[in-house]
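Chains: A, B and C, in written order; residue numbering restarts at 1 for each.
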């Protein structure tokens, strides 16, 4: 960050009820209590870290109104109702200052097809390509080196970071946020054997991101074989995630990093997929299904299911199996000892 | 898709033997029976879905010549010998219309080194970079923002989607198809400890893709330490796949999404690697080896081997181990009960 | 490679003590003994391959001074103290010839903000974007299509391959080497539920790569929620690796391909993470911790720990559990047989 705040500004931005002490230098960063330096603002977000306040070198600390303690020399306490909420308020303000919305207009170096429609209230950054028939709506920001393919459409108030590729015919709803290197609309991986050679099946569908979808850096979403691959409203996809052709992800899902979802699988709403988990093709997951990290799922899961392990089983069973499998050395010994004991019992009785 | 077809056009494109009924609106999409709307064409690809035909709202349906049933009002049946094949025919036509081959020529915004050789019958899109000594052959399409590195060579009739990077000295055969964000020829990950510091080993080889290779979005293929990393003719690589330095992949293999193949490993022909599987370095896999999804392979596999699990074992054994491991709770109980029973037997005999 | 060397040149470059035999053609490649052709240099790096020398078709072979054997007709032996070291010397020379450092200067097609500071001794390639307030230091090479975000800083003597994205406010130390498609500074994946909707938490920190860090192709490093995500001096990151927000990686670590490290986790120095392994969030790993390939780690690990499996356990235990789990079929049979034997013993005693 390259911003500097006085205590007075911070007081105003966080809605602090009162200030104690004073810090000498402007505040130029935010850090955890243990790591903060005199130029940092810190915060007591959880009562269990209360002791860390006294040891903190932060120039300013957001503390609850009821916090018992006093600032060190050269340190300011900003007393607020809820330090976490106050911090979030501040971060939102900081974000809007660190990333001011670029002015509308098309950079001179961008290549925009004559048949493309770019709303005058959109921003198209340097070296972007807007192909024929494509549409970019009002309030949308395309940072540098973005690609909007032929007949693709980017809705209003989206923000595409540098180097995003939106494939031909793909559709983004309003307020989508796409990180660098993400590819929306690569070809689906569809092949069939023909006389011992692998032949490509045309992939002529598209990808549709509904409103408020976010996609992480270098994630890949394949276009449908025909029809569409869909990501439902409000769903957030992390980095390096693979969404195969014809997948349908519901609304308000969280798909964490490096997850893979194979072709034609359907997810309900509010699903949460842990990092590096994988879902096989042609499955149906109900609403609110959860998968633990690295899970490999090969079967349908009804609503509210929580699966774990590879191949996945219900979470409780998986936890039990893990515990028991770690007791295998003990079990093998016990069985050996039972066998010996039985042998000796037999020899005694004969 | 943004195309519209009359029933007469569809009849011609699919080679339909006869048409029954009539649909009111032009056909503008393709969808599964259950999801189709009056503007969609659907198809009965598998006899088991025959009942779905009557319930379908599709404007037109490809059905077998022998199918017993009649179209609903405002719906057309196109009777064909093989609906799946007819659909494939149609999709190929649609694909060539949706993605017409761009005209030969070099976009004014592309940066082409004076020493590069671009065939006049190649298409080089906006903002591409063709570095010194590079070669692009006839019939090849480089969409926007592609990079062909110094002394690299792209064969004839290849198609590189927007944002592909072909590294210096790398070689692509004919008819290769590369999705957005793929990197062909990143440095291999080669280091050695020198006095407690990690020192880079120069990676001076290249990557060679033989004819008809396809590479998915954001996949990475590392150049060899020296010599070459090779992907054999006709092999298809999905998205987000990692191929390390000096790997040799045979012909007609299918490498699905998020697979990782570590350095110097060799795969035979016709191998199939399931999603998210990983293969350790310096291994040899014979022809037609299969790995299940998420498999972690740490040993050589002879031809026709099918391995599963981490660490991988032959598929049949892995299935058996999975079944037995789920019976661990039962086994632990049984052993406890045996122990109790033996104790009681002993106490009876003493 | 596109270089050609005479034996005399190779003798000089490798510091060979003596040469025997002579090869007919110039040497234009390097290959393993078994694969080399008359145009290749090969080497005997390990005494166990001594027999392969006699069978090799290499035009020239680096052999130890003490090697017993003679070159074939048309083949030269270059006798050196240490063939592996001699080869490394040669490869370094080759690398510097194959990738000569581009001349300083900014390509006419690059878009450089007026407020950016590019050292005159830096090279900025075609179609790069250097945003406002960014800094590029002396000796650094940005190949084509690189992006240096607003107020970001790239230290001296870095080398960014084509298509790298350095996000706004991120900082690279000296001598960093970044492969194509890598994204340094994507948004962290931070959300919280608000009235049943998933709401984004601003990610206003940055990413700091210390000196001598290398990052592989298409890897993604998220900016911190606030403060910074840090990769320590000399650490090497392979392709397709995910480093989440607020992660702190120590010095001289090796993070191999497709690894994922979840948010706020801290790694010590000299850690080695095997391919496709995953580390959960908010963990602490000590110095020299090792994870096997595909490991899923869900707990802290003290210094020198070596963990394996999912969920991870110490390596020795994991090896033992794997062996025992493969003996499950035998164990189930043994328990059945014990039960039968006990039954029969009981029936005998009653």
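In this section, a contact is a pair of C-beta atoms (placed from the backbone, for glycine too) under 8 Å apart; a residue touches a chain by one contact, two chains touch by 3 or more.
This is a predicted model, so every value here is computed, not measured.
Student: Note whether the interface between chain B and chain C is symmetric in residue numbering, meaning over half of all numbers used appear on both sides, and answer same or different.
Tutor: different
Student: In degrees and to the nearest 5, what turn takes the CA positions of chain A onto those of chain B?
Tutor: 120
Student: Between chain B and chain C, what's the gap in Å when you average each chain's C-alpha atoms?
Tutor: Centres of chain B and chain C (C-alpha means) sit 25 Å apart.
Student: Where in chain B do residues touch at least two different other chains?
Tutor: 127, 145, 163, 181, 218, 240, 258, 276, 310, 325, 331, 335, 338, 342, 345, 349
Student: Provide the residue numbers of chain A that touch chain C in the complex, in ascending order.
Tutor: It comes out as residues 1-2, 29-32, 35, 88, 91-92, 94-95, 98-99, 107, 109, 125-127, 144-145, 161-163, 177, 179-181, 212, 214, 216-218, 234-236, 238-240, 252, 254, 256-258, 275-276, 293-294, 309-310, 322, 325-326, 328-329, 331-332, 335, 338-339, 342, 345-346, 349.
Student: Could you pull out which chain C residues touch chain A in their complex?
Tutor: These residues of chain C touch chain A: 111, 127, 129, 131, 133, 145, 147, 149, 151, 163, 165, 167-169, 181, 183, 186-187, 189, 191, 196-198, 200-206, 218-220, 222, 225-227, 240, 242, 244, 258, 260, 262, 276, 278, 280, 296, 298, 310-311, 313, 317, 320-321, 324-325, 327, 331, 334-335, 338, 341-342, 345, 348-349.
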